[in-house]
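Presented sequentially are two complexes of chain A, the first with chain B as partner and the second with chain C.
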Partner chain A sequence: MRFDNRTRPSRRQVLAGSAAAAAALAAPAVVRAQAKTIKIAVVLPRSGLFAAAGQSCHRGALAAPKVLADLGYAVELVHVDFESNVDVARTQTERAIADGAQAVVGAFESGATLAMAQVCEQRQVPLSINIASVPQLTEQGYKYLVRNFQTNAQLVSGGLELIKVLMGATGVQFKNAVFVHANDTFGTAQRAAMDRLFPAAQMPFPLLESIAYDPKAQDLAVEVTKIRALAPELVLVTTRSSDAIKLVRDMVRQRFEPKAIISPGSPGLYDEEFYQALGPLSDFHLFNLPWANPKSAVTQALAASYKVANPTNRFEVDCFNAGFTFEAIMVVADAFKRAGTADGPTLMKAVKATDIAEHVMTGGPIRFDEKGQNNNIQAAVVQNRNRTPTVVLPPDVAVAAPVVPMPAWQGRS
Partner chain B sequence: MLSIWLNVVVQGILTGLLYGLMALGLSAIFGVVRLVNFAHGEFAVVAMYAAFVLFRAWGVDPLVAMLPIALVFFVVGFALQRTLINSFVGRPDHEQFILLVGLAIVLVNAVLIVFGPDAQPANLPYAFDSYMIGPLLIDKVRVYAAVAALAVCAALFGFFRFTRTGTAIRACADNLVGAAVIGLDVRRLYAITFGIGLACVGAAGSLMVTIADAVPSLGPAYTLLAFTIVIIGGLGSMAGALVAGLLIGVSEALAGFLIAPSMKSMFSFALLIAVLVLRPQGLLGKKPA
Partner chain C sequence: MISLWRDMNRRGQVTVALAFVLLLFAPVAATRYVLSVLTLILYFVYVGQAWNLMMGYAGQLSLGHALYVGLGGYVSAALWVHFGIGPWLGVFPAVGIAAAFGAAIGWLGFRFGIEGVYFALLTIAFAEFTRIGFDHIGFVGGAGGLFIPYEQSRLGEWWNLRGSQLFFYYLAFCLAVLAVLLTALLARSRLGYQWLAIREDETAARALGIDVFWAKMKAVLISSSMTAIGGVFYAFYYNSLFPAQLFDMSRSIELILGPIVGGLGTVFGPVVGAFILTPVGELLISLTEKAGINAPGAKAIFFGLILMTIIYLVPTGVWPWLSQRLGFTRRRS
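Moving on to the complex of A and B:
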């Protein structure tokens, strides 16, 4: 086939066409920056070791768009599973950004979040942390990161303070305690915080020993034997749901019955997996954590949307993971609305200037300090009752009275 | 305090028996076929899931399910040896290694596709029960699993010692050329041995599900554990595998109790290094001629 003069393009037409093509190619960046909807990659461990918590966070993300739309925000969520693997978290974040994500939310697990923070910093894409507590995240000078979650130190110190409140409210005095923690990134950071903060908190009982365990261990029989040998009245734990199950299972098998098992700021004791595996043995464990504020209109809206999006799950169980994940998305959506652009540096500036008074979790307005940390989050004492997390302290938000010492393992139903 | 020590040692012995059974299959296969089954742990995981499914779907207790699972694994092992692995016997080690690692990858991914990556607890009705014998407090599941492991080991030793096929297999292990010269069907005996090895791991996996949740990612850890036990006990020595299993079970329990639980697996490897340095042929292994 050959062109004749009528169909052959002129030099001017070629130049004009090239300019148009170049403009079309450049357009996505401009359009992206000025789009009305922001594309957010929600990177979570939806499979693997942290799957239970990751799925729980994911359910919060699924419920988020409807609530945010009603609040006047427009978001497009891309759901990414990092398989509880730090390397996968890094590569999946790279991939999500390459595929057009303008902000990243995640990642529940501190090690993975650190890896993602490096990627977001290099690509100048805001990272809004839903749950991850290691101090390095806000201490290493990252400019493209905010954390609407407590640090290990805040979790532990808040958790310890609430133990004093619990002792005051119930009149039960613990004579001694043992701290049991997983030796993963989160667990060792919690241990460091405990070593530093326990003496400073002037607790009215001694900490006999801190015992680290491998969260991938088949069982925790030796660990429980070691705890039993120390005969503590209080067991402080930093667990994930799968190892919390192993821990309680071996405590029951070895008939070890402390007065209370309290998590001063860690997951594990309130996951659906924990309730299903242990049934009545999952009741009466305590955890001192920020929780969903039932009096907030946003919480109520999220609970309603959650029910529609996840009809087979319970918001009461998921509200910690779901609530913080929702808030992390909300922070980005709110910043995008104010900035009017998804351009990384401008969007990040708006994220840093966040001031959201009405939100889901307990505590004051969501605001970030110069390091990107929200210091306004407050914890509550939550106790498992009839396989449901129930706020028992402080009294102004409590819906039931705390039960300490916990009833014996035998005879529970 | 003495009772605590006793508890730790007994726990270690009970766990060690299970470890021993797990390693026995690997040892039997290596002792006769001279091939290291690098898919050993993955077969154990498949057995765990089989026991899990039988319990969840039909309420078959893993202690009972152990028998049909071991039988099926025997058939699978026999067929696998005849159809695939036999052509690799006598070939360079790296070729055997690649074949079995490939098999392991296929197995673990098949489990992942069917069951997903999450832990699956069997939740047996007696999972929380324990026996109180004087100062000893022993988990019921651990006792059941250890007794079953001991029974399987006894049956296996009996088979190799008192049956004609068992004796023929031992003859193959001792002198392959001699066995072939007197007319033994070596290929068939190899297949039977591989089947027995897999039956052992099938039984061990079924018992394992009583004390641990089934997770696809456990495979490499079990292979490494079995391999460590077999090297400590002596490659090819079944009695050595059992002794080493017990030794590792007890040393892990004591190390976890005395030093740090998170460091207990380190002691298995310390033991391995010590044996390799002081007695390279393993505790009950024969010195190479």
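Moving on to the complex of A and C:
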């Protein structure tokens, strides 16, 4: 076939045709970037070593879409299990992004979060961290990462400050304390923070000793004997749930009754298995952690949605993991709504400009500094009452008064 | 190496050459996700091959090989973080220290006749106490971990192993190819035959005049050194190291599954094993997700079932069966 002057397309027609073809080819990307719903990959350790915590976070993610929809946000969540394995975390993040995820939320565990952060950085996809406390996450210059969670140091210093508040509110003075911690990654990091921050916090009592234990030990009888010999009035603990159970059991066996057992920023004392295993002995333990604000309307909405999504679990027990996971998703959803696009750099700019006043966890508005860290999170004093974590301080969020000294082990029901 | 090539018939040679070319040019067509999976596969080919030398050829069961990955990773990362010594230099002390640990284990085991499962227990014990030790060494971050700063501006500094996914893919590719070549070379060397003799019957090997102690020591030294290089790769690929993750026994198991499934004591066994296990794992995640199976750990169950099926059907490994079925080797008259 030969073009003559009549049939040969003009330069203008060629240009217009090319533009139309380019537009058609680029359409999926444009449509995706301007879609009304943002696709978020929620990457969590739902099996393996961190399964219990990962599933707890997952339950929060399951409850999130309904609450966010009521708040005017539209999200599509893709749930990814990274099996508590760094290799899987990295490859699955790559896969999720390849499958169209426009933001990533995760990952509870710091090592995996770092592996994901590298992928997100290279792909220019925002990563909203739900829980991970190593300071390096926000100290290494990642541009596509924000953390709505406290660092180890913030957890400990916030926890110590609240002990002073507790003493002031109850009028109970502790003469001395012992710090007992698991010698795992989290426990050792907490110990380092405690060594550094306890003297600086100018606590009104001395720290007699720090005692490390192996969380895999069959029992903690030796450690409890050591603590008992020091006769502290306050026992500060950094535990996971299984070793917290062993610790309390051995204290009861050895009839060691301090005035209070307080976790200045660690899990263990509020896990369902802790309540199931110890029954009444699980009551009156205290933990100073950022917690779901029971007076917030968003918390109440999340609790209601959580109940529907997870009928066999309790929001009050899960709310730490569930709440932070919800907020991490909310940060992305809010940024997407403001940005009006899921284009990575623009969305990240909106994420960095986050300012959410009404949210779930205790503390001020969710805002990020230039490194991507939210420094407005504040811890609360939470006490186990009738096998339920109950916020007892500070007064503006408390729903009950703290009970210190804790009642004797014997005679509890 | 040449004899290995000659041992294969035309079909085998074409298959191996094709696989090499495909992997060499894989980044042209592969997505980033596929590339990250391939990187992982090639890493497992490399460390699996290192373990294969010790167990598959010399017959010494090590269940604590994660020790060398950890030592290699930690030494190179610490040198980089604290002294600014790049990994291409840092790899030498990393290998040296891992080899020293290997030598200590080997000497204890072989000098005092600790064999079989007891030797395996010794390797586990070393990995475990090293993990506990590293939990308390503040210089490398203790249990809180050691982090290699990730600086976007340094991406592309290949001499400092600061590269993109593509860079790490080719690095893993080179390591895997070199490991296969080294294994092929050693398998047909005097030392390789000594290892085989020891593996089959140590007493008979000794009676033949083989210095069993030194032959086994060489296996441990080579294997630990190779694995330590894998550790350097791991450290700079992930940029974070935690004793609980790196020295854990699950890491050692992960590392030895490939050679076991692929075929112990064969050059291509660890390659085939890694190319089966990692993609199967990824595929199962994808399938369980697409099937809407919202049961964490379901993948692990299916993975276990597949493993059991493979081991039941081809107990000597996939590669020997495959090469026989497809007629990759020349028939000897």
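Quick note on the criterion: the second predicted complex is superposed on the first by the 373 of 413 C-alpha atoms of A that agree within 3 Å, B and C clash if a C-alpha of one lies under 4 Å from a C-alpha of the other, contacts with A are read in each partner's own complex, and residues count from 1 in each chain.
Note that in this section a residue touches a chain if its C-beta (ideal position, glycine included) is under 8 Å from a C-beta of that chain, and two chains touch if they have at least 3 such contacts.
Only a predicted model underlies this, so the values are computations on that prediction, with no experimental measurement involved.
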Touching partner for A:Glu358 - first (chain B), second (chain C), both, neither: neither
Superposed model, chain A: greater residue contact from chain B or chain C: C
Touching partner for A:Gln136 - first (chain B), second (chain C), both, neither: second
Contacts of A:Glu76 with chain B and chain C, given as first, second, both or neither: neither
Partner chain(s) touched by A:Val88 [first = chain B, second = chain C, both, neither]: second
First (chain B), second (chain C), both or neither touched by A:Ile211: first
Which of chain B and chain C A:Ala192 touches, first, second, both or neither: second
Partner chain in contact with A:Ala117 - chain B first, chain C second, else both or neither: second
First, second, both or neither for A:Asp369, with chain B first and chain C second: neither
Touched partner set for A:Val252, first chain B, second chain C, both or neither: first
Intersection of the chain A residues that touch chain B with those that touch chain C: 47, 51, 83, 183
List of chain A residues in touch with chain C within their complex: 46-47, 51, 54-55, 58, 79-81, 83, 86-88, 90-92, 94-95, 97-98, 110-111, 114-115, 117-119, 121-123, 134, 136, 140-143, 152, 183-185, 187-189, 192
Touch list for chain C against partner chain A, complex: 31-33, 36-37, 40, 135-136, 142-145, 147, 149-152, 164-165, 238-240, 242, 244-245, 281-282, 285-286, 289, 294, 296-297, 299-300
Residues on chain B engaged by chain A in the complex (per definition of touch): 1, 4, 7-8, 11, 15, 116-119, 121, 123, 127-130, 132, 137, 139-142, 208, 211-213, 217, 221, 252-253, 256-257, 260-262, 264-265
Interfacial residue positions of chain A with respect to chain B in the complex: 47-48, 51-52, 83, 183, 211-214, 216-223, 225-226, 228-229, 242, 245, 249-250, 252-255, 277, 281, 409
